[in-house]
Each structure stands twice: as C-alpha cells, then as structure tokens.
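In the two assemblies presented below, subunit A is common to both, partnered first by subunit B and then by subunit C.
The block that comes next holds the complex of A and B.
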C-alpha cells in the first residue's frame, strides 16, 4: 500500500500493478504535479468519475498507437488502429485501474465510501477539465508501449485529501 | 453432460469477451449478456440461468441493486460478483445479500471456472 502523500499515489500503484498483471508491462511512474485546466491529449482519454464522500475524476490519456499495442498485449490478439475493441479494452483497463485504486483508498480510509461511474471515452486533441473547485494533479507513466498521463482531481481540491 | 448456463451482467464488451474466452464451450454456455442491472433482472427472469456473473459499476442500475432484486425474486439464485473494486465495504455489502463468491477484475480464466464450480456445488 502506498505510504504518505496524496490519493494520487494509490492510482500510481494501481496502474503499475495492473499494467504488470494484464499486459506484462513494467512502468516508471513519474513525479506528481499540479495539472492545468486545459491540456493537450495524446489522442484517447478515458474518464472515470468518483462519487461518495469525496467526489472527483480520473483521466487516463494515451496515444492511439500506444492504446492499440496495449490492447494487443492484454488480449493476446492483433488489432488495427480502427478496431473498436481497442477502445473497449482501454476503457476497461482504466476502469480496473481506478477500481483497484478506489479499493486501496476505501480500505485505508474507512468511511469515505468511494464509488465509481462507468468509464467514458473521449477522442480528440484538447481536453478541458472544468468543475467547481476541482483541483487536479497529474503524473506520467513511462511504459514500453509509450507514455500515459493520469490526471486525478477531487472536489474541494487537495487530491491529497488527508 | 449438461452445460452450466451463465448469464453475464456487465457493461464492458472487454469483459464479455474475456468471460467467453475463459469458459470452455464443452462445459459452459453463455445464455445471455446484459449491459446493465435492469437488463440483468429481466434476462434472469426470462432465461433462468444456472449462474450469474454480476459487475457492480454499471449504468441504469448497479450490480448490488440488481443482485438484491434477483435474490428477492429467487432466493436460490447463484450470483458471482465480478468487479474492478474489491474493498472490504463492497465485499461486506455483497455478503449481506448472501453473496459470498466475489472475484476482483482482472480475473484469470481458471479463477472464474473455479468460482462457478464452487457456487454450483452449493445448495
């Protein structure tokens, strides 16, 4: 379990764990830093909402080619960039990573009762995260299939929330 | 030998495919796929499956609420929770409904087969 710091650490741990388990990939999780309200997407972004006593969101942003290669490693079959199953696989991967992070947070902080919304997928080059008093943090994960950017935000700020 | 008929209740096409790959066709039949809890309740009544795999986070109606409705209508329903979360609170909520077979995603094919065999042995 992650030690001191923010909730963001739990997402880094869950990403590392599930990249290894589902795709056999190692990754280097970079430093956490504040996120800008608008950022350029690498091509695909999956958003999962967090509900419960802390409300927020998780965004995993990844390039299309990286998503295709990740899908192939997870599913063990070949896919083209146009194959819709790449999007389904990416959405479920982010759902699982978020589920594991929420599990770690709920078990470490009883009473938060965090739950999740189903994942939504966005395709495009520019993404804007707007919400009343949502402050976001971001970290980058360097993997053999390319870089992923993970943004975590909670209402009321302090993605670190403790 | 009679195949075990499985109803999959999950909104993720990835999971539909993963479950289909995990269950050998000689022994299991996926008799239906529901994409949310409300569809799951309807299909359970129509199909009378031997086992249900139930996700938790779904649109329209979540898996815990759907499982509660199915078990209210049929106390002998065999439901496996199959979900990305595995926190103590969620596991306890499932246990309160009488569901004690819980698999956290991602699952290995053997884990799902074992879980289905385990729940089918129970009366």
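The block that comes next holds the complex of A and C.
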C-alpha cells in the first residue's frame, strides 16, 4: 500500500494490482526517476489528463507486440497486431489503472479532489511526447509480456503532493 | 449530437487567433468520424473533466505548426524547435480554456488538463467516443480540431 512518497508510487501499485487481476500477470515495478520533458514512445501511448487541485498527465507507453499479448490475456481472445480491439482494450486498461490510482491518491490526500479525463491513444512511428508546464517522473514495469513505461507529471513538479 | 456543446471550441479560434495577428480565419469541412482517425504529424491533446468529459486533439502539419508558432512568438520560426512547440501547446491550452469559460457562463463547470504535444509519423488517434473533426483554415494553414465528448 502506498504511503508517504510521491503520487507516482500510487500508479505503480495500481498497475501491479490491475495487471494481476485483469491479466494474471506479475509485474516488477522499477525505480521512479525524473522523466525528460520530451520522451520517445515505444509505439503506443495512452494519455490521460488529471484535473482537480493538481493538474497533470499520465502516459502509459508500450510496444505493439506487448500490447497485443497483454490484451489477449485481458480479453481471453486471439488478436493480430492490426486488430483495433487491442487499442480499445489497452485504452480501457489504462483508464482503469489511472482511475484506481486517482482513487488511492484522493483517499490518502483528502481535499485534493483529483479527477481524470477520458483516455486518448496515439499510435505511430517515431512518436515523441511532451508535457508542458509540468515536471514528470517515470517508472518502468517489467512484465512477462514485455516492458511498459508509465510517465506521471503534475504542474508544480515532484509528481507529489507535499 | 448537441451542437451547442461543440460550438465553443470552434468559436475560440475566432476569439483567440486574431489577438495574435491572424487575419484569414474561416471554418472548413466538418466531419463526424469514427473512433479511430489518421492525424497529422503535430498534435496537441487537451482533456476535459467535470460537467463535460472529453478530449480535443488539435492536429496540424509541421509546416502549419511552424507558421502558428511564428504568429504566436511574433517572429519567423524556421525550425519546429522547443520555443515553437511550446507556443503551439500554449495556443491549444488557450483555445480550450476559452471554451471552458464559455461553458461556465452557461452553467457547466469544465476543468482543462495541461496540454500534451505528440509528434511523429503515420499517427493514428483513438478516442473512446466518436470524433467531430472541424477544420479551421488560418493564415498559417489548416488546423483540425478533433473533438470527442462524452455526450
């Protein structure tokens, strides 16, 4: 259970729990480190905005093959790399993980009233993502279907509330 | 589809861009698209929450983005560098915030998330709901506002 650290650890906890519950996957959450203002994508990026007393963003970034394998486990179906269901399932997965993390943060920090925007997914080559007016942190999650990175940033920095 | 909910995002262009010296400004094609759309190389995503939930992806070519940045900065942007990128992101923020103020006047509280810039090649955008794509033709080129609202 996340405690006193930055908000980022709540996202690590939510990702780990939902990967286990929804896909039966173990996950090793790596260390949180500062993210560059502009960062490259592995190919698929799901972006969720955060509003409320603190504004920010969450980006889950994953390669296409890892996304396909993850979504097969979540849905119990076989998918090709081109299957649109992969994109919809991935976006919904990130929506659930972010919602879970935001609930944990709001429970731990009364009065913050964080809300989230609906997810948007970007797919492409040589994707680069920049969050403006925010300081971001990133952690990598190592799973049996491959690695994914989660970038979290809030206006005012530290990705934390203290 | 309730047009009243989409109109403020279009009106924002006509209220904000002239302040930066844009003179040619008109609405182009309107299209209701599926949840999956091809996007241009430069996109700025701004999310909405509270009484109106959704996303606006402002999509344009790099050439248009450089032109937009030139108007915003007040000097020619030869490269799509950090200053130009920041200017385009700020414009998306201003356009969406202006629409949020308009909604507030009509009793809807809308919170706006910070802008995120997404650049690359062969970009496809997936929204959770259908997208209303509105073309805005400017001195700098065409900007497409891809509006997806949970309504």
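Methods note: the second predicted complex is superposed on the first by the 154 of 162 C-alpha atoms of A that agree within 3 Å, B and C clash if a C-alpha of one lies under 4 Å from a C-alpha of the other, contacts with A are read in each partner's own complex, and residues count from 1 in each chain.
The definition used in the following text is that a residue touches a chain if its C-beta (ideal position, glycine included) is under 8 Å from a C-beta of that chain, and two chains touch if they have at least 3 such contacts.
Bear in mind the structure is a predicted one, so any value in this text is a computation, not a measurement.
Trainee: Using the superposition on chain A described above, determine whether A:41 touches subunit B (first), subunit C (second), both, or neither.
Mentor: After superposition on chain A, A:41 lies in contact with subunit C alone.
Trainee: Does the superposition put A:91 against subunit B (first), subunit C (second), both, or neither?
Mentor: both
Trainee: Could you say whether A:51 touches subunit B, subunit C, both of them, or neither, answering first, second, both or neither?
Mentor: Touch partner of A:51: subunit C, not subunit B.
Trainee: Quick check for you: in the superposed arrangement, does A:115 touch first (subunit B), second (subunit C), both or neither?
Mentor: both
Trainee: Figure out whether A:127 sits in contact with subunit B (first) or subunit C (second), or with both, or with neither.
Mentor: second
Trainee: More residues of subunit A in touch with subunit C or with subunit B?
Mentor: More residues of subunit A are touched by C.
Trainee: On subunit A, what residues does subunit B touch that subunit C touches as well?
Mentor: On subunit A, the overlap between the subunit B and subunit C contacts is residues 88, 91-92, 95, 115-118.
Trainee: Give every residue of subunit A touching subunit B within the complex, in rising order.
Mentor: Where subunit A meets subunit B, its residues are 18, 21-22, 75, 85, 88-89, 91-93, 95-96, 98-100, 102-103, 106-107, 110, 113, 115-118.
Trainee: Going by the contact rule at the top, pick out the subunit A residues touching subunit C in the complex.
Mentor: 41, 45, 47-52, 55-57, 59, 84, 87-88, 91-92, 95, 115-134, 153, 155
Trainee: Taking the complex as given, what residues does subunit C use to touch subunit A?
Mentor: The touching residues are 35-36, 39, 43, 45-50, 53-55, 57, 85-86, 89-90, 93, 111-129, 148, 150.
Trainee: Please output the residues of subunit B touching subunit A within their complex, sorted ascending.
Mentor: 11-15, 17, 57-59, 83-90, 104-106
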